[in-house]
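The structure under discussion appears below in the form of structure tokens.
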Amino acid sequence: MRAPGGPEVAAGEVLLSVENVSLSFGGVKAVSDVSFDIRKGEIRAIIGPNGAGKTSMLNIINGFYRPQQGRITFKGEARAKMRPHEAATGGIARTFQNVALFRGMTALDNIMAGRTLKMHSNFFWQLLRYGPAMQEEVEHRRSVEEIIDFLKIQEIRRVPVGRLPYGLQKRVELGRALAMEPELLLLDEPMAGMNLEEKEDMSRFVLDANDYYGTTIALIEHDMGVVMDLSDRVVVLDHGIKIADGTPDEVKRNQAVIDAYLGVAH
Amino acid sequence: MGLLYQIFIDPFVQMATAPDLFVQTLWEGLVGGMLYALIALGFVLIFKASGVFNFAQGIMVVFAALTLVGLYDAGLPAFVALGLTIVVMFLLAFTVERAVLRPLVNQPDIILFMATFGITYFLIGFGEFVFGGDPKVMVTDGLFLPKGAITYKALGGIVQLQKLDIVAAITATIMVAVLGVFFSKTRIGRALRAVADSHSAALSVGISLEQIWVIVWFAAGLVALVTGIFWGARSDVSFALEVIALKALPVLILGGFTSIPGAIVGGLIIGVGEKLGEFYWGPLVGGGTDAWFAYVIALVFLLFRPQGLFGETIIERV
Amino acid sequence: MLYREAGQFKTSYASDFAVFPILQDRIGIAVILAFAFVIIPLTGNDFLVNAVMIPFLIFSLAAIGLNLLTGYTGLLSLGTGAFMGVGAYACYKLTTIFPNVNIIIWVVASGFFSAAVGAIFGLPSLRIKGFYLAIATLAAQFFLEWCFIRIPWLYNNNVSGAIEVPQRELLNIIITGPRATAQTRYYIVLGVVVLMTWVASNLVHGRIGRMWMAVRDMDIAAELMGIRLLPTKLLAFAVSSFYCGVAGALMVFFWYGGSEASVFNINQSFTILFMIIIGGLGSLLGSFLGAALIYVLPIILRFVPPALGLPLQAATIEHITFMVVGILIVFFLIVEPAGLARLWLIGKQKLRVWPFPY
């Protein structure tokens, strides 16, 4: 599964890096001079107390916010600001803290929407819903069904997402992001509000996506157990500043991290 | 070349060479703008307190004016008719709250906005049914509203200010001042602002939403009545007024939807802009530009400052 | 028992994607089409066809147009009347300049003019969102209305400012102008509306419909999916205005037989908007249901008092109609904000399990 365009990045090499990135809103500094990288194929966790700037960091990576300083390098290309459309075509997909599903549509349609970038049949065939347009719908439906099987959400295909329970909504949102066949998947608190069983399911999906699809993952998460189990490397933010960066073991022993966030050595 | 001169130079030359005409046009623009501002004020009141964009504000102006004239024509003395009209506007506020707002209390704003369309249609039908559809003459003598004009010899010519307009301006200013004080200093005013911020939070501190809404719709009704009186006195009471209410929208764009001073400033800008535009540039294109000029002003404004002069910057959180 | 899908299995994705997957639905549509194409022209009197069916179809088409923009893409538009006018005047100019070209071709072509104008007035959607965008459409409405009056070339410098429809033929049958029969005009309008409804259905069920709905529901997430906002919104404006333009041309050429600028005023815009609000935003069926209710109801209301023996004036009936419509709008919003289309779906849902309660 490869995203279109851009040079190929080998496993283990840096896929995306942010360098000296700073972002402020009015007088509030959300992110101060943060630098870290994400290597291809890894699961990278971004953790920290509330207000640390984690979501702002994700927003910068996929282009919703423009940092006042710093650069973002993605697949070898450096730029001062990412544009949402560039992020999408470059292969970055994302889920949101507050589940940004298209509430007027069914689960199936939401995930099909994720395939939009890959659908090219022109307007004329769309008017007739025949020939190339229909072939495309069927072909992409096949891929979407694979994802539906993977996430085990077959029964709720035709349910309008507004009616789904929270846990299932998050799963559908993950499905929609996976439908883009992303190289880099940004997950913003994918386990928030879930019970233990749902968390285990979700962790399984995240790991499988990384394993099976080879997707690089950056996730924001508060549950330390999940972070320690899932991630290859962790970066810790506090009040917009990076205070630690390393493997889960290194980070959980780091005194600054314990003081700011963990409280007690985990 | 000639066309460029006509558009960019000539109008200003005209303004400079006949300053009395310019001031006259400016004054008329201000008066018109002030009336737009009053209509916008009604919108702002309701929007500030309930988040509802009351499309029916325009028809409320007409309805209030019609009621007053209807009662007066039926033989009641002017001030009695006025008092009864105020009662009617209160009843209207009460009915709207009971029949429309309460059943729709948790619906999204767009639904409530559409409900005000329903109110509009109903009031149009009802007003026409009870009072008939022909234009009527507003009560002026009975309410001690002056007639005639004050004429100044100034700026090389004559400037005429209608006395009615002056009274209207003064009344509007007083009303705005009273409303401003009411909102910021009184207990009810504070409650209104609380409700505007968050219905559930207001409820949790014990503010009765229903009472607030009745109060605010009544206040808007009073503003509509004053607007109707002055507008009707300048040019007959008819249902055409309803479309004029749409002009309040550009005013709200400029002034922001929640700002009382914004409604005033916005109204004056639109009124003056429209009048000057029609007088000095209108002849170039055959006239009648005041049908759309206000909207174009608003549109241009929106492109540069989507939140208006006084509105709050919209921050979208992801 | 009747309305069940048990036993109807889909064996391919293609059949699952069908617009009417259930057999009973397909039969239903066939029945409706048979009714429309065969029974009504044979049995309906001229009044039914002329004053009810033709305008109902035309308003449904305009309602579909507006629904595509406001219901599916979430862009509130108050300029529907003006866009219908663009289509009407474009068609008029085209057929008076090129009288030998088939009028139906010009009706369709006028849609393109409307689409272009719609797209231009949709440009502000790049910067302006939601309710504020409606102001841009209001500007369009009032400006275009002003154009219809102040540009005499549009109505061929006719002194009265009105346009009169010239006689045109198709296969030697007179289809426009005073001598065209109601039956003929009905068939043309029906054919155009059925065809365009089919096309609209294709659009909304496929990729483009999903893009529009994504922009409506959460444009930030849509952008992230690679959906470019401005082209998608402009496409919505263009297609919507195309439909409204064709509806406007049909209105003048196949119903009124003539027109003047006031036909395409702000009230027309509001009328169509109410149709889709009551009928159901984001539903093609809703466009038809809303048009039926808002247009046909007043006609029915006009007949009730005489039938009951009440001697009411026409004007009074008009006033009462306004009141009833107002009450209905509020009533529907309270009872079912998603409109008649949702009520219909709920009804079908109940029908599926009938005679069991659930």
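Lettered A, B and C in written order, each chain numbered from 1.
Going forward, contacts are C-beta pairs under 8 Å (C-beta built on N, C-alpha and C of every residue); 3 or more make two chains touch, one makes a residue touch a chain.
Note that the structure is a prediction, hence the values are computed from the model and not measured.
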item	value
Most centrally placed chain, judged by C-alpha centres	C
Most remote chain, CA-based centroid, reference being chain B	A
Averaged-CA centre spacing for the pair chain C and chain A, given as whole angstrom	41
Averaged-CA centre spacing for the pair chain B and chain A, given as whole angstrom	49
Between chain B and chain C, centroid-to-centroid distance (C-alpha), Å	33
In chain A, residues with contacts to at least two other chains	64, 96, 100
Residue list for chain C, restricted to those that touch at least two other chains	220
Where chain B touches two or more other chains at once, by residue number	318
Residue numbers on chain C that touch chain B, as the complex places them	124, 127-129, 131-132, 135-136, 138-139, 142-143, 145-146, 149-150, 220, 266, 270, 273-274, 277, 315-316, 318-330, 333-334, 337
Chain C contact footprint on chain B (complex, rising order)	53, 99-100, 103-104, 107, 111, 114-115, 117-126, 128-129, 133, 243, 246, 249-250, 253, 285-286, 288-289, 291-292, 295-296, 298-299, 302-303, 306, 316, 318
Parts of chain A lying in touch with chain C, wherever the complex brings them together	62, 64, 84-85, 87-89, 93-94, 96, 100-105, 109, 112-114, 116-117, 119, 121, 123, 126-129, 133-134, 136-138, 141-142, 145, 176, 180
Of all residues in chain C, those that touch chain A in their complex	12-14, 16-17, 199, 201-203, 205-208, 210-211, 213-214, 216-218, 220-228, 282
